[in-house]
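Okay, here's the structure, questions in a sec.
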Amino acid sequence: MELGVSLLVIAIKILVILGVVLGVGAYLTWVERKVAAHIQRRPGPMVVGWHGLLQPLADGLKLITKEDLFPRYGNKFLYNLAIVMALVPAVLVFAVVPFGPQVEILGVKVKPILTDVNVGLLLVFALGSMAVYAIALAGWASNSKYALIGSMRKAGIIVSYEVVITFAVMGPVILAGTLSTYDIVQKQIEQGLWYIWLQPLAFVVYLFAMLAETGRVPFDIQEAEAELVTGFTVEYGGMKFGIFPLVEWYVEVLSLSAIAVVLFLGGWSPINIPFLGFVDPLFFLGPLSPFVWFILKVTLLFLFVLWLHWTLPRYRIDQITETAWKVMLPITFINLVFTAVIAPLVWR
Amino acid sequence: MDLVNLLIPTSMLLPLVGAFFIIFLPERYTKGMAVVLSSLVFLLSLMSIPLFDFKKAQTMQFYWHRPLLPELGITLSFAFDGLSYLMYLLTTLVSLAAILWSLRDHQITHRLKEYYLFFLLTESLLVGVFGSLDLIVFYVFYELTLVPMFFVIGVWGYKLRLYSAYKFFIYIFVSSLFLLLGIVTVAVEHYRQFGKFSFFYFDLINNHYPLGLEIFLFVLFLIAFAVKTPVVPFHTWLPDAHGEAPTAGSVVLAALLLKMGTYALLRFNIGLFPEATKFLMPFMVLWGIASIVFASWFTISQNNVKRFVAYSSISHMGFVVAGMFLLNQQGLRASIMEMFAHGLTSSALFMMAGFIYNRLHSFNMDALKGSIKFMPVFAFLVAITAYSSMGLPGGSSFWGKFLTIAGAREYSLWLALFVLGGAFFSVLYMLYLLKTLYLDTKEESRLVHFSDMRGYKLFAFLLVVLPTLLVGLTPFLFFAFFDPYITSLLSYLFLRPGGAP
Amino acid sequence: MRTIPLEAYLILSFLLFGLGLLGMIARRNLVTVLMSMELALNAVNVALVGADVHLGMVEGQIFALFIIALAAAEAAVGLGIIIAIFRLRKVESTDEITDMRG
Amino acid sequence: MEYLGLVILALVMLVIALVMISLNYLFGPKTPSPLQDYPYECGVPLYDKTAQSTFHQGYYLLGLLLLLFDIEAAFLFPWTVVYKHLGLFGFVEFLLFLLILTYGLLYAWRKGALDWQFEEEYM
Amino acid sequence: MNMVVEYPNLSLLIPEIVVLLTGFALFTLDLIYRRLSHWVALWLSLVGYLIAFLYLLFNISATGSTFYGLYVRDPMSSLFQLVMIGLTMMVLPFAQQYLKHRGSLYREFYYFLAFALAGGMFLVSSYNLVVLYVALEAVSISFYVMTALLKGDFLSKEGAFKYLVLGGLSIALASYGAAFLYLYGGSLDLREVLAFHHKDTRLLVAGLVLLLMGFAIKIGAVPFHFWLPDAYHGAPTPVTAYMASVGKLAFFAPVVRIMPLVQEHFANTWVITVSIISVLTMLYGNLVALVQRDVKRMLAYSSIAHSGYIMAGIAVAQVIGLKAVLYFLVAYAFMGVAGFLVLAVLERSQEWRGYLEEFSGVRFHMPWLAFAFMLVLLALLGVPPTVGFVGKALVFLSLSYEKLWWVAFVMIVATGISTGYYLRLIALMFMKEPVKGVEFRITPVEKVLLVFLSVLVVLLGAVPIFLWSLVSPSAEILFKR
């Protein structure tokens, strides 16, 4: 397919991703507040628009019209660089998320995935670990004790769970025998098996790691409002402040849930009966059903995270890191051996 | 393998056995052990004289060898010809004398075990030096003699002992490294010409070198031996070492360790590099004479009697070198005779110095003016020694000097006159010494109490003085040792087709 | 699909290596010195991978993998030593570690 | 070539990020007041200018551990992909590797490197 | 994609495997019991090494190569491994006493010793750059850790850090050179690389020079020697002895393996580079050792000087030079280990600060130790008939074989300089009055070991055929291929 068309396709994909990230991401703030409110038996935002549907826009306007402050004694360049480092990699992760199977539009075969490369997963983790830089820079550049402590905590947590998550995803990779996200889903469909059935441990560990990396409760120690007044973002104001929660709480959660879906829940495949096949209650949607399934799964995971967030208490830093090393990592090792043993069954 | 051929290994092992016993027996046996073993070796050497074939004194006898490192052609091989046999006799004699002297020495009061151990060690090493035909083995013994002497000087010496010990060791060690380089180079040349490594003397004399290389090697060897001998500009270690060492130590140093240098010059420099020798001969002779003259001047200007004797031995060594490089029969005879004679006289003189120190507690010339008036025996023996060392006819050194002059005369009258001048100087300083000892007046109240020489010391002294007379009166006995060697050496030097084959 | 010329790899690796060397020699902060060491080793990796592209082989990449791993181990030991130094004295510059001279 | 999309997306995001940074500068009011840009210190005036001091050792330790284990992961990933083709040999190799890795983990555990380093614990 | 799996001939690697297993056993024990008793550690490691040692001794003639040619066992590797294991066994009792006396809590020493040994054993027996790299790192990292092992001692940490930085630099240089060699020869096997002919040898020369520089740092050759004295000084003294003997053997081995592969078209570069480095090294080492007050540092500098002598042998890319180098290496391993072990014993006494003058009259306190130390010093000085002398004589032989007179003369000068400090020690020990109130303690085992070592140093020189019969065939075979 010639260059122009491919560029066009790429442009469309990018637009979709941006829409997802910024639009949906922004609106997820509303969702979260609603969910939180209802978990706590409150109505939540009701004023701006019907059931506060316009709330995110209002928030955005408010953030934009704040004064642009910069802490003296700080380092301006790093201060701004932190924001870039936070935003860009988080969004880039979506480039390797397959939203659905290959479809043919106007005679053009299109994979609904921006860059389908054979090292997709590595890309994910490479980009994911870039988040550490953003946080460390933010804490260091805004020259304040709270910020520094918060950022160090966050960095420590991410560093610990980076290892855990890396080892956790090896199980599915062994079963699939490939690192390309798209092919992993394909393998699951061919083998007629969501890997969660064989990798429950890995899935649980992955969820923990996901919460930790995104700084969700119970691992939101780095921005414990009570003690640290939102940790490393304390010196940021206006839109600059807005970006961090957006990235951390919504974009990263979305992307990691999407990867979780890809790895464990069979991507866009419908409900699965192990080793037998798939039943698709949404058959009437025709070619759209895979996309719906994918979005459905991601949404469910996201809601699950919200649910945890508004029910659980918060752990101490030592508890968090020690759990990572002393519980999660051994579990992943065991899971690896187990997987290596049973893998031949799956390959047939 | 004939039992006779075990002579050298035996006379090397006996002292070591003694050393072994000395280490592990309590200290009260030490002296006895040392004396017994060294006299055993001495007797052995005497008994071996009839076994030595004086007719074929130029050939190697008592040949004993074991392969040590065949691939590099290193063999543990020992043998004597006339020259080295004479040196061997000197070694056993002087070592015995030194050990006997030490029994009653005022310096030797502590750490006896080590002291006698070192002396026995030195004796066996020296036998190895004079006996070995393999250059590496020779080098090993040559350099290993440093260690015991270093300790003897450093531990039992006089005030400046540490400094002198360092100086002695460093001078000779560093200079002999050049010798090592020379030896390996000779071996490499042999490998280039004959396709196999060898350090065996009689393999290496077959080498032929371009003259430049040969002179280079000659110089490499010469550096070591000139420091050891010593010849004048390289002599500065000697007065310190001899001056600070205990009496027996300086006896061994002067009588034997210097002989290693001259012996090696004769055997290796002349034997291995005939062309270079003939090329450098005039220079070497003049150098020897120069060293005679300078050393004599230095001698006269000394007022420490031990350093006096030390410098006198330098001038004697000058005679040895000069005579050696005359490269004719008289000259060679002279140098070998001088080696032997100086071995005896210098040890006697050092014993004299030590004895006087024992009485006066001073080496100062002024202090010992007329000091031996009341010790007739001692005085008599000293007189004999001094006269023979000064070269009076009938004295041992007479032959050395006389024959040197004769040899020089074969070249030119002027050369002979030069040597004569050197001889004159040596007479001068000896007379000065005698005058100081005998004629100068001094308040005699203290001197009368001095007791005369007796006991072990007398025995040791006689042991070195009597042979002096023997040398002086019956030189032909000794010519028998090395005349065949000299003739063969000269024929080898001058009849040998020179240049590369 | 044009491949990148060998020279590019070599020049890049040379620059990186020079930077690393410079850092090791010139920088004062202990951790920075370690980092420059890592930089130099990564320059080696670049060179190796470039060689692989040039020769069409894979041994170089294997070598690079080993280098990565062992460099990490080395850096870990280095960090450990630095922590120990911190614990003994609160120094963080190479100028302050000069108890031994001559 | 298949990375083109990624690159373009990166560029776009860069632009967006820069825009977002500059938004407040463009639209926000400018009301300079002397104390407004002090670092947050619970309202009390600042008593030391810099917070950028050397921080808790536990974080060094965490970084050290990450360094080691992540590298091992880097070794395992290729294996996971080709494991299908290696057969028993690959399995044994993997077990050996994991054994050594476990040794490392146990060592760190036993020596207390995994415990959070509280202040009073170190000399 | 299915690969052929050549099943390795493990019988060649049994010594390495045994040593590694020993290390792991110690490791496991240390994990199980928090305070592993020194005796258990000592005996376990001794037994392990003894097994490996005996196995090697009885299969000394075993040769071959396995793991697709990554691992080569030839006489040279067997010889080096034999010496390494033997020396490690010698170091252990001293180390155990030392650690017990210094009250060090660290048991890591024992298994890092094992790992370093294993690394060294692999380092001396491979031609493959990757294996060399990994083994080099194994040895170096163990050394860094062992250097830093003295609890609460800043010097030890400082030495370790300097060693780490320079060691890292050396490894970076060496692997950069390896990359160039790989690019030139299209192979990671040194034999193939250096046998490869190409008109443009710039890459080859650059690679070789970088590689040499890397290893020059490791062996403390002069422009890159800064770390060595500090590391040797800071480290626990048994560790210093270990680094000076086993470490030197291990780090010299690759250079020794490259030496026979040198070819005409870059032989000149080789000779000039190496001889200049060696000359600088021996002069500098001896000169600086002359002015040291601290005996440990003095011996460290003398070890630098000996690297210089050995390099002089390496400059002669001939079989005789190789023999000289091998002999001298093994000789220095014995001398160095003995010298530092003596210090290790002395340092155990209180109020010992290791300065020169404290040696005065040691002979009266412990005659046997003084005797052993004297023999070792004479050997280091090169007095016949010790190993040191034979080594130097062989180096002279090879130098005059290659007609490198100037190097030989510089070597004479350097040796002359070295006379100064060795003699000073001997004189202090034997000719000065003892300092009052110093009490030394030495266990019988240590006494026996020290005397044994020193007598060995003399005997191997006096009867060179033993060592020579091991060295000579190794060199021949290295040159044959």
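Per-chain numbering from 1; labels A, B, C, D and E assigned in written order.
The rule is short, and it goes like this: contacts are C-beta pairs under 8 Å (C-beta built on N, C-alpha and C of every residue); 3 or more make two chains touch, one makes a residue touch a chain.
For clarity, every value in this text was computed on a predicted model and none was experimentally measured.
With contact taken as defined at the outset, subunit A and subunit C are each touched by D. The chain with its CA mean position farthest from that of subunit D is B. Centrality by C-alpha centroid: the chain sitting nearest the overall protein C-alpha mean is E.
Taking the mean Cα position of each chain as its centre, A sits at the greatest distance from subunit E. By number of C-beta pairs in contact, A-D leads over the other of C-E and A-D. Subunit C and subunit E have Cα centroids lying 26 Å from one another. Taking each chain's centre as the mean of its C-alpha atoms, subunit A lies 16 Å from subunit D.
With centres set at the average Cα position, the gap from subunit B to subunit C is 65 Å. Centres computed as Cα averages put subunit B at a distance of 43 Å from subunit E. Counting partners per residue, subunit A has no residue that reaches two or more other chains.
Across the assembly, subunit C contributes 73, 80 as residues in contact with two or more other chains. The residues of subunit B never reach two or more other chains; the list is empty. Two chains count as a pair here when they touch; such pairs are A-D, B-E, C-D, C-E, D-E. Across the interface of their complex, subunit D is touched by residues 1, 65, 68-69, 72-73, 75-76, 79-80, 83, 86-87, 90, 92 of subunit C. Across the complex, subunit D meets subunit A through its residues 2-6, 8-10, 12-14, 16-18, 20-21, 23-25, 27-31, 36-41, 49-52, 55-56, 58-59, 62-63, 65-66, 69-70, 73, 76-77, 80-84, 91, 94-95, 98, 101-102, 105, 108-109, 114-116, 118. Residues of subunit B that touch subunit E in their complex: 68-69, 71-72, 74, 136, 139-140, 143-144, 146-147, 150-151, 154-155, 161-162, 165-166, 169-170, 173-174, 177-178, 180-181, 184-185, 187-188, 191. Those residues of subunit D that touch subunit E in the complex are listed here as 82, 85, 89, 103, 106-107, 110, 123. Residues 129-130, 133-134, 137, 140-141, 144-145, 148, 152, 154-155, 157-162, 164-165, 168-169, 171-172, 175-176, 178-180, 182-183, 186-188, 229-230, 233-234, 288, 291-292, 297 of subunit E are the ones touching subunit C in the complex.
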